[in-house]
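The following pair of complexes shares a single chain, chain A, combined with chain B in the former and chain C in the latter.
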Partner chain A sequence: MGSFELVTPASEEEAIAWLARAPGGEAAVLAGGTDLLNDIEEHRITPRHLLSLRRLPWNRWNWIGPALEVGSTTPLVDLEYDPKVRAQFPGLVTAIEAVGSVALRSRATLGGNLGRSGSASDLIPLLLALDASAEIVGPKGVRTTPVDTLVVASRRPALGAGELIRSVRLPEPRPSAYLWQRIRPAQDVSHVGVAVAWSPADGRWRIAVGGVPPRAIRIHPEAAELPPRPSSPEREAAARRAAELLPLSTDLRATGEYRRHVVHALVLRAVGSVTAMREGSA
Partner chain B sequence: MSAVGATLNVNGRPISLAEVPDDERLLDTLRWRLHLRGTKEGCRSGGCGACTVLIDGRPTLSCLTLTRELEGRGVTTIEGAPDLPAGRVVISAFETEGAVQCGYCTPGFVMALTGLLGRTPPDRRSPERLLRELQGNLCRCTGYAAIARAVERAHREAP
Partner chain C sequence: MSGARRADAPLKLRGAAAYGTDLAAEGMLWGALVPSPIAHGRIRSIDLAPARALPGVVAIGADDLAGLRPKGAPPSETPIFPSEEVVYRAQPVAAVAAPTRALAREAARRVRIDLEPLEVWGSIDDLLPEWPEDGAPRTGPLNAHVHARHGDLEGAFGSADLVFAETYRTSGVHQVPLEPHACLAWVDGDRWTVETSTQTPFGCREDVASTLGIPESQLVVNGSWVGGAFGAKGSALLEPYALLLAKASGRPVKLQLSYPEEFQLGRSTLPSVIRIESAVRGRTVVGRRVRLVLDTGASLPGRDFTLGYSAGFLLGPYSIPAVEVEGYALRTHKPPFGPHRAPFVPQCTFAIESHTDHLARRLGLDPVEFRRASVWTEGSTTGLGQTVGPFGLDAALARASAIARAWREHLPPGHGIGIAGGFWSTGTGAGGEARLRLTPTELWIEQGEREIGSGSVIRGIAVGVEATLGLPPGTVRVAFLDTAHAPFDSGVFGSRTVGALGQAAEKAAEALRAELGRRCGRPEAESAKLTLRPGPDGLEVDLGDRRRPVRELLTAAELADGGLKVEGRHYGRSGTIDERRVLEGSFHPFNDFVGAAHVAEVAVDPEIGSVEVVRYAAIHDAGRVVDPVTARAGIEGGVAMGIGTALLEETQWGPDGRLENPSLLDYRLPTLAEVPRLEVEFIEGFPGAGPRGAKGLGEPPIVPVPAAIANAVFDAVGVPVFELPMTSERVARALKRL
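Coming up: the complex of A and B.
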């Protein structure tokens, strides 16, 4: 592994000031490191400095009314094992369980996953379906941006110089599901991931698809126009529209045409599963 | 590359390490600096589970963990597993079921299962869930049937 210097600021201000001064391309931000350290080991990137976030108090979460605010360095495994998070955000926990292994998720973080913005991220589609936003701190202060705006392409989050993701906010608990398609169930990368959530606040559905380069996408609202408890033909029609409307790309993992078939099947199942959750709680 | 000290607790003993390079991984610290060779290097990229240790009780991949990021934390390796009640149950279950073939993956499986048993309250544990959570540990001898029996036994006998 190429050598780098670890920088471990004790405060947010110090972290921002250091990052804002760091020459472009020479610094990388270290949260859990499960993705970053592999990129360094494989010489895909060669940062001279890693800014470690471990001393910042960002590794916990708070309930703010119904909303869940997750500090960006919260290990995924903490969310996965929390009974309340599991009950309120079932799809999020399913998506977390799709990331690597338990022993990887004890290091991997929500903020790291978002900051790396992998096109095959299992978490980003679910964050899109939950209308999650990120709280970003930087030299100009604090700003909040929807995850949909933050994620541009793999490894390219829309962050300015000196900016860091401090937390991720999930505005309301939603019945939600995440389904993926891969070659092997464990330790593999999803070539399609479908997230579905239903919002009690506005009575509408959200559908997002991941695993597709260059980034996870929210499905066209027209395809997600469904009654709160859709019948089987209504679910089928939504799944067909979703598959037709998505611009699906071909890469080394799968062809666009194959992905289209999978999206159709997974949207159908995920909407069915969220509908069942809603009926169970009614 | 800077190199400063780090203090960790390893298998119940405080250990001060001098001159730890910033890019040193816990896996290498354990094997080459502390001579705890029970922790194995498999893929070195987070895909096989052979290097699993416990950090503050949680199963963690030592290949993807920088040693200096663990300042002040507690590490338990396979060498420390017999000191844990769950560790003793797991080791004995692997022995009884003959769940060790070449043995290279065994320390990772034992540490992962020990951490999972220690972490999940008995009423929320099931053999199925434990097996699902062990999906990150690979056995290249494919001795999974015996490992699955050992998991079921450890689940029955765990404190």
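Coming up: the complex of A and C.
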């Protein structure tokens, strides 16, 4: 590993000011570091400065009415083991459990995962299905953006110069499910991840698919075309449409043909699982 | 006999054991290899000047070899650097050394390589169209070819009720030792020394001496602790480069592969296509033809031996009156083929044992009873005409069948159970020597192997000595000496350590016992009852009626020289095959016949194709278990590794000869989450050549694993999967889901 300077600002203002001044391409933002350090070790990037968010008070979460607001440096395990989060956002917990190992999840953060915007992220599809938004701070102040417009490309989130993700907001608890497929069940990269959620607020379904390059895709609620209580043929039709909407992408992990087959199967199962949750709570 | 604490455990837990990657010397330089950027090309020029322009950098290429090797040395059989053609990607075309590792890498990058690209044979599929399904090849580049047959094949196939033919494919698997290849070399006058992570210090010395053209007497190989080997560290790889760089620079040179380099340059196993044809009359296989077409990359070290040895397993452990076996080692533009734990036998076993299950299903027979009707027992004759020694596979299969029946009573829907048998032959034909050194307080085994992690050296060779001398387990100590000081031994491979070096040590113990008897004035016949035991002031000889301190029995010269030294040697004898059955190349007799039957229970997702191994039992013919903890640990590791071969591990080679997945992210080893509850049982009573009748267990546990899992998948879903690894996509395709 090459040498770098570690910068650990104590305040948000200091962090933004430092990042805004940092020479382009020479600085990287360090949250949990579980993905970033691989890039550094394998010489894909050689940053001269790492801006650590460790000392910022962003490692906690709050309930704001029904909404859950998660500070971006909250370790994933903190959410994973919280009883209320488990009850209200079951799909989110399943997605978190799909990330690496317990040891890795005790370092990895929700904001870091969004900031890296990996096409195989297990969290992004679920955040898309929950209509999550990110609160972004920067030299020009604070703005809020849907996760969908943030995770535009792998490793290159839509962030301006000096901008940082401060928190992630999940607007309402939703019955939700996340199902993935990989070559190795433990500690592998998903070649398909399917998130499904149903919104009590508008009575609509959300479907999102990850693992397929170039980025996780949210299928528009209208395109999902699922009635609030779908019949078996309606679920089948929705699963087929979801599979057809995806780009066919073949790589070392899976062929596009197989991915499409798996998306179809997992959408069907995930819709079934969310339906069962709703019936269970009704 | 019970297990003893592993003497290497405290060192390893404290981080005090120095592995190859830990080696360092004052003033050393870091070496780096300069890789060919393409898989096949004619060399126009290789310009080292830009590397040499960097401060403190030494660079060597093909043109420098004459000046570095001793005057008059014969030409090397193994090319150190190519001078005309590169034949695989990342082939070293030059080497550099620099004061830091980063600078060495930078220097390697600066070497200007000008190559004229030539046609690349990236896979055996490029060559297979020339290999008709049922006949001999018309043309094609070969590293080796072997062929044997016996019996009336035409009659068997001509009069068969059923000819059952299948084709299997397997992918390349890498040994993935957690410690990559690493060594430290220096040259002092005409004395060349290399410390290295190796399974075979003496084999390494032989390889390096012949490559560099130096006498073995001027080369010392000192093995470090080995962080995993699995066959990868059985022959020299980096040592010649490190020594040449040391010679050129006049400094010690450290050479260590990065993990991507380990994947690309390490000698791993490559893909194959296997064809099996069985002629069946009634319920009996009366004829069998098998063909192994193996991708062996740029070369096949050991050529006929390696190919014939692996192909010999493809007939299976069954008595069949008419057989034919043929092996083709194809040349492609990949790195040379290398041995991976039980070289290529798990793959051959996957094919033959899957075929056996499919055939039993076709004939409506119970797959275990079908096997047991023709499985070898002691006195059977192999297809190559060798008489089988004590062999417990039939007993293991019977036990496996009972376990499977019990599991089947509670089998959930979507699950399947599979059984596979397998066998291995230990490499006890390769010889070795061990020396005992008795001091007033300790008994040492001085020897030249290295502990590669299995415990076969640090425990395995001690048990026979302890048993012979009546010492409690864990009291005999093992010394690891370099090639200048150790008695000769062939090395850790072929599950031979306990059987071969263990026998040498046991013979030394018998000789020591006789010598101590003589010194106590006892006749030879009585000395067999003599034992050694720890006493208050050191070791004592217990004569039954009285005890004598060892201190009193050693001469002054011995006390001054570190103790009484007694040597034992084992140069094994192999069985013989019927050479008249061999038509081309060579096949090899087996030594100890070691059997194993495994039972796997899997859960298969019939739509997505994913396979989970939920339960596993391994029943092993061990001859006699001499150290239960070490034996069980070896089985557990072998099964875990076999699950990788069965379901996960695959080197993915591009058409341009590039390895596409040289990382532990995209080359998937099993984690503990993929390894199920494991039951291990041993069958005793079929003794091997080792101490107390022990048989080697290093390789047998991986042999049946892919086959047992494949048969369980077949049981669960009813369709065969013909390719390894059985990834979910391959299973889904076999199920015609896409």
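Going forward, the second predicted complex is superposed on the first by the 278 of 282 C-alpha atoms of A that agree within 3 Å, B and C clash if a C-alpha of one lies under 4 Å from a C-alpha of the other, contacts with A are read in each partner's own complex, and residues count from 1 in each chain.
By our rule, a contact is a pair of C-beta atoms (placed from the backbone, for glycine too) under 8 Å apart; a residue touches a chain by one contact, two chains touch by 3 or more.
Remember, predicted model here, so these are calculated numbers, not experimental data.
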item	value
First (chain B), second (chain C), both or neither touched by A:90	neither
Contacts of A:261 with chain B and chain C, given as first, second, both or neither	second
Chain B versus chain C as contact partner of A:102, first or second or both or neither	first
Touched chain A residues, chain B compared with chain C	B
Partner chain in contact with A:187 - chain B first, chain C second, else both or neither	both
Which superposed partner A:210 touches (first chain B, second chain C, both, neither)	neither
Partner chain in contact with A:157 - chain B first, chain C second, else both or neither	neither
Contacts of A:252 with chain B and chain C, given as first, second, both or neither	second
Residues of chain A contacting chain B in one complex and chain C in the other	2, 38, 185-187
Residue ranges of chain B in contact with chain A within the complex	1-2, 21-23, 25, 44-47, 49, 52, 55, 58-61, 64-66, 68-69, 112, 115-116, 119-120, 133-138
Residues of chain A defined as touching chain B within the complex	1-6, 8, 30, 32-34, 37-38, 40-41, 50, 52, 54, 75, 77, 81, 100-104, 106-107, 185-187
Contact footprint of chain A on chain C as seen in their complex	102, 607-608, 610, 612, 648, 652, 660-661, 663, 665-666, 668, 670-674, 727-729, 732-733, 737-738
Parts of chain A lying in touch with chain C, wherever the complex brings them together	2, 38, 42, 181, 183-189, 252-255, 257-258, 260-262, 265-266
